[in-house]
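A, B, C, D and E label the chains in the order they appear, each numbered from 1.
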Amino acid sequence: MLKVQDLNVFYGGIHALKGVSLDINKGEIVTIIGSNGAGKSTLLNAISGFLKYKQGVIEYKGEKLPISPNKVVKMGICQVPEGRLVFANLTVEDNIMLGAYLRKDKNKIKEDLEKVYELFPRLKEREKQIAGTLSGGEQQMLAMGRGLMSDPEIMLLDEPSLGLAPLLVQTVFDIIIDIRKMDKTILLVEQNAYKALSIADRAYVLEQGRIKMEGSAKYIADNPAVREAYLGAKVQ
Amino acid sequence: MSQFFLQQLINGLSIGSVYALMAVGYSLVYSIMNFSNFAHGGVIMLGAYFGYYYLTKLGLPFFAAFIAAALTTCVLAVVIERGAYKPLRERRAPFLYFIISAMGASIFLENIVIATIGPTFKSYPEILSRTPIQLGSVTLGRLDLAMFIISAICLALLVFFIDFTKMGKAIQATSYSVKASALMGINTDLVIIVVFALGGFFAGIAGVLFGMKYTVYPQIGIITNKSFIAAVFGGLGSLPGAVVGSILLGIIETMTSGYLSSNYRDLIAFVLLIAILVFRPRGLMGKVTEDKA
Amino acid sequence: FTGCSKPQTETAAPAEEIIKVGWMGSLTGDQAVWGQCELDTVKMLFEEINAKGGLLGKKLEVIGYDTKGDPQEAVNVAKRLTGQDKVVAILGPNASGNAIPIAPVLEQAKVPDIATVATNPKVTVLDGKVKPYNFRVCFIDPYQGAVAAGYAYDVLGFKKAAILYDVADDYSQGLTQFFEEFFVSKGGTVVAKEAFKFGDVDFRPQLSKIKEANPEVLFLPIFFKEAALIANQARELGITIPLMGGDGLPSEQLFTMAKDAVQGTYIVNHVDYDDPEVQDLKSRYRTKYNKELELNGYLVHDAVVVLVDAIERAGSADSVKITEALETTKVKGVTGQINISKETHNPEGKDAAIVKIEGDKYVFQQKYSAK
Amino acid sequence: MDLYYIQGILLLAGINLMAVLGLSLLTGFTGLFSFGHAGFMAIGGYASAMMTVKYGWPFIPALLMGALAAALVSAIIGKLTLNLKGDYFCIATLGFGEAIRLVLDNVQYFGGARGWPGIPNYTNLTNVVIINVVAVIILANLIRSRHGRNMIAVREEELASQIVGINVFKYKLISLMISAAYAGIAGGLMAHYMTFLQPKMFSLVKSTELTIIVIFGGLGSISGSVLGALVLTSLPEILRSFSNWRLVIYGLSVIIIMISRPEGLMGGYEFTPSSMKRLLTRLKNKREDLPSQMEGGKPL
Amino acid sequence: MNILELQNLTKTFGGLTAVGNVDFEVPKGKISGLIGPNGAGKTTIFNLITGVYKVSEGKIMFKDRDITGKEPHFIAGQGITRTFQNIRLFKKLTVYENVLIACHSNGSYNILESVLRLPRCRKQERELKQKADNLLEIMGLQDRKDLIANNLPYGLQRRLEIARALALNPELLLLDEPAAGMNPDETAQLMSLISEMRPKFDLSVLIIDHHMDLVMGICEKIMVLNFGCKLAEGTPQDIQNNPKVVEAYLGVEG
């Protein structure tokens, strides 16, 4: 459904993505793992239309994706960005409602709102709080909830478990599975490689801007090189 | 209440409403772009000139000229945005650069008028009778009343637009975070154009009204400094703040002239401004949010 | 082949065949109308002189620059004119604040300057000493203030006056001070003295206050733009008393901006516009530029007359000799007899012309001089 | 070109430079934007002129007196307003600058709006050049010291500065005071060059002009300020014969510089032997180190 | 011996009590942990200790001296420094400049000396630069010293923040989620770095983090916060086995 081919992205002199190619099929959870600075966020931003790329193609359902974030969203691709990016001066509720900016179906929006509050009861409690003063974890929940409100076909999640308490990390991954059940496709970027691989169908390993490995999540998780580099000497 | 006080109050309100029309354009742009658009004064000045020429040279009827002038400045403001700010935006330059670019634009606009049209004053033909309405011994200019009403209507429309339309919501969101708004499917580039167009529209209206009431000359921009101060007074980026700040500044100025000293009117107004900022660092209605560490 | 490398396309007269004269004044800002008129008048007069064979057999040329009304710019312009362009004399500027700071430049370059409407006494005399290279063809502020006060009190019989002036303007402050001094010394009272600041366009707060004080005349020691706005707003507020002003008021612009409101205004002027002697100049200017001659045009005309006279008497275009000749000037200009005093470099004993606005005319009332 | 005329332009550029250097410390290095520096120039100008004219002081002590006066006033203003953020601080300084002018317009002791002629002509090219050289050295030394770095830190990120133990308010105040002192000296030089002072000379336009020079030259660069002052002071002179069009060109060139080179002429770089060396190595590094950084850099 | 004591510390925002009546000691020379669900008030406690927020009620004692209500820079001068949950570097400056700035308090020359570049200033400047170089060396950032901080990979930015904090010669170092955004491997490296650092710089450390491997691995004492109140306190063992903590925070780990 989403197809990236030979993508090259530069930041000034820095060559951040060097010929990245990947595929995502409908209904899949695909995860990208890689160390800090590997280019994961860069890849998501390129798909979302934030970055001009020199070379390569990004196609969605056989159509070339425009380099314009709002058009990409319109086509049903929604990113939940790294670092939350909530509207710091708006209330929690306003934030969530903005997620539904492009939607017109009032009743369905209401329904989805209830669903979001169900997933994140903390947000319901803080409905009227100014989003900028939420704790780090609360902001992350808000960003996810807001993303869900746009009712996308593909969700691009950039490190959704970042800064979340262990209990919530579990919840977030459960939610991701729930979201998939809602007939959505998910591209998940994660540092928490264990968890990500445990719920994903397929995985890519991104290193220094290049895809180093790809395959089924299980295959990647079992790969000794990956285990050493990304899963680390995990205690327990 | 004494007649004198009442007269000064009316004077203050009418001066304040001129400031308000100008300040709203500032605040609007500030709220999205987070910088003070000093070119606004230049656009207002051109609005006054356009209105004048549409009326006298093209012989348009008043309302047609009025709207045409506002539409022209609309386009002009957008052109300035494209030329002087967009490249900076794409580079994510800090706000200082925007301000300097805006100053450059303002110097440019003022002087291009001097160089082409010339420095002489132009007077609008008399559209509303200059004989004022008498309320006891207090007088109320017809033009002032008209201005007050037009300002009020425009501002009400603007508030409606911002609060109740989808584009309005997009403007609000974009003012908080451009990237996040884009992720919500908002066409942020369009939002910025709309904001400048709106700012330009208001500049045009302000310019024509200003020109009708006073005269048209290349240095009209100077007076917009006052409206800038008023916008800060009320809290930058807040539309109600801009209006309240303007009206208050107008009244403070007139009352200072009336009861204290016209020599030190601006001084007192400034001292008051600084005092307000010391106690309310974000103006009267600007939002105070603690920086979260 | 070598000959081609130096094309002689310009057949300009050799340098010594031209007498270069500098001009400076405001070409931008509120007073640009006057500045432009001054420069145009000088150009017209020089063309006329050149057409008649020039001066001392040489052609006159004017080099004019804008001072933007800014003292610092004025100094730059003076340096440019004396240093770079090597003019023999400078005409203008019209603002006292620009005429004062150029004195050291003139002294260093030994080039004389004839100011047009710079009326501050300190333009030519400082601390009792006359500045060697500064001259002017207009009367000075104390005199103008005295004339205005005297005419208002003695002739028109007003006992209570109000003043509305510009605190940030040198001309306005000076004239206010002298008007007030003379008016009070005659026995009148200033019942209200209100101020505004350059750039203001709304004066109703001050006018409301003036209205409360019930004066018989409103003195406006300011320039025409503000005066027009003030007149309009005063009438709106129901202030019907006559207005009065100095040489900052007369301008064609006054009528376009506030024709009805300024009716009956008395003005202390340098010249009587209806004087038969000025009609010729007026029509020459109108024919050439299709505009009305502004007040500054008359004064710069006289500055040119004074300069030409000095050059002729000096018999040379040497700036020092011109300066010497200027000190003994006695010529008749359109604004009256100009006898430059060696002690003050001012034209002594020049009458003021009182004019009154009636319709779209400045109607001459009388010559008046203060004692 | 005539020497006398060029001298005049250089003198003026030198005087402007003095004020610009001060503003450069405040805006370029400390990140505070001022619209009131003409006000400090005015204070310095009037104070030093008072010393030479009314008390017969010699030139240099009078200049220092002007600097001191400006610094003291700035301390008071700073105490009140330095906690304000961004545009709010701007507007407070704008208000201050206008207020100073308004007060001077009304002080008849100094001639009010009519101006104050007859100030001795002490400023000449030699002393302006010497003073500027000293000013540049002082500024450069300051910037290269821990105090200068603390100001830069304040510009970059206030909260982080606090956390590494920098008294943000104090450094803002110091920066403002030094910058006001520089402006004060510039005012004094101006007074004794023009031999005439008028509040009009210190308008908002003057403040704006100074800020434009700083940004045009490049924020955070002393050499940029020097270059900017020279270029932008002489540009209007060079364009003088274009009369009305020169300010059009001036405005346009400001925009063009901003959009085509937003870091200003010099943008953070300095013309010093060591920096040129550093620049060279940086360029070299870019070529050699970057690939290795991208390819060989092992995470942590 | 406790280096830091919080006594009845309370912070309210409007009606919301972010931190309520917390008592807590940080032992000298040890690594302690502060954990709790999102929004429990951990970062707020850091902000209170470092003076970024004003304390609503209660007292903060550092080395038995009351530092409640003092300015952040003053507290930093006393020997407490921190890193931020959302990295706050001097982004546009180089790595070296970041550390050099933070070294400033090791110098004592005044402005006049710096302007005249007197010997004392020159000598101290040399020492400051030496110190900055040393720190970069120790933190393994020497080879990137001329890079702009913002262009560093995320993990290195965190490391730089720690280096910058160490430049102040702190006695107490507060780390707010130092391992956020790191993968398990990187987290492990960070752990060993912190453990090495502690004795080398004679530090006491207080860490907030959600990576249980890290917290349980290196902390000797842990405090758990929930809804702004203290939920539990003890050794990692105690905490892991505390049912209340498991229920509120840890969850039943898979």
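Definition applied: a contact is a pair of C-beta atoms (placed from the backbone, for glycine too) under 8 Å apart; a residue touches a chain by one contact, two chains touch by 3 or more.
What you are looking at is a predicted structure, and each value in this text was computed from that prediction instead of being measured.
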item	value
Most distant chain from chain D, judged by the mean position of its C-alpha atoms	A
Between C-D and A-B, the pair with more C-beta contacts	C-D
Distance from the mean Cα position of chain D to that of chain A, given in whole angstrom	48
Distance from the mean Cα position of chain D to that of chain B, given in whole angstrom	30
Gap in Å, rounded to a whole number, between the CA centres of chain E and chain D	38
Chain A and chain E, separation of their C-alpha mean positions in angstrom	30
In chain C, residues with contacts to at least two other chains	27-28, 167, 197
Contacts with 2+ other chains: residues of chain E	43, 52, 84-85, 88, 153, 155-156, 182, 185-186
Touching two or more other chains - residues of chain D	102, 106, 159, 244, 247, 297, 299-300
Contacting residues of chain D [partner chain E, same complex]	138, 141-142, 144-150, 152-153, 156-157, 159-168, 174, 282, 285, 293, 297, 299-300
Residue ranges of chain D touching chain C (in the complex, touch as defined)	1-5, 8-9, 12, 101-102, 105-106, 112-115, 117-118, 121, 190, 193-196, 198-201, 237, 240, 243-244, 247
Contacting residues of chain B [partner chain C, same complex]	4, 7-8, 11-12, 14-15, 18, 111, 114, 118-121, 123, 130-132, 134, 137, 139, 141, 210, 213-215, 217-219, 222-223, 253-255, 257-258, 261-263, 265-266
Touching residues (chain side chain A, partner chain E) in the complex	14, 33, 35-37, 83, 122, 129, 133-138, 140-141, 159, 162-170, 191-194, 228-236
Chain E - residues contacting chain D, complex	50-52, 71-74, 76-77, 81-82, 84, 88-93, 97, 100-105, 107, 109, 111, 114-117, 121, 124-125, 128, 144, 146-147, 153, 155-156, 159, 164-165, 167-168, 182, 185-186, 189-190
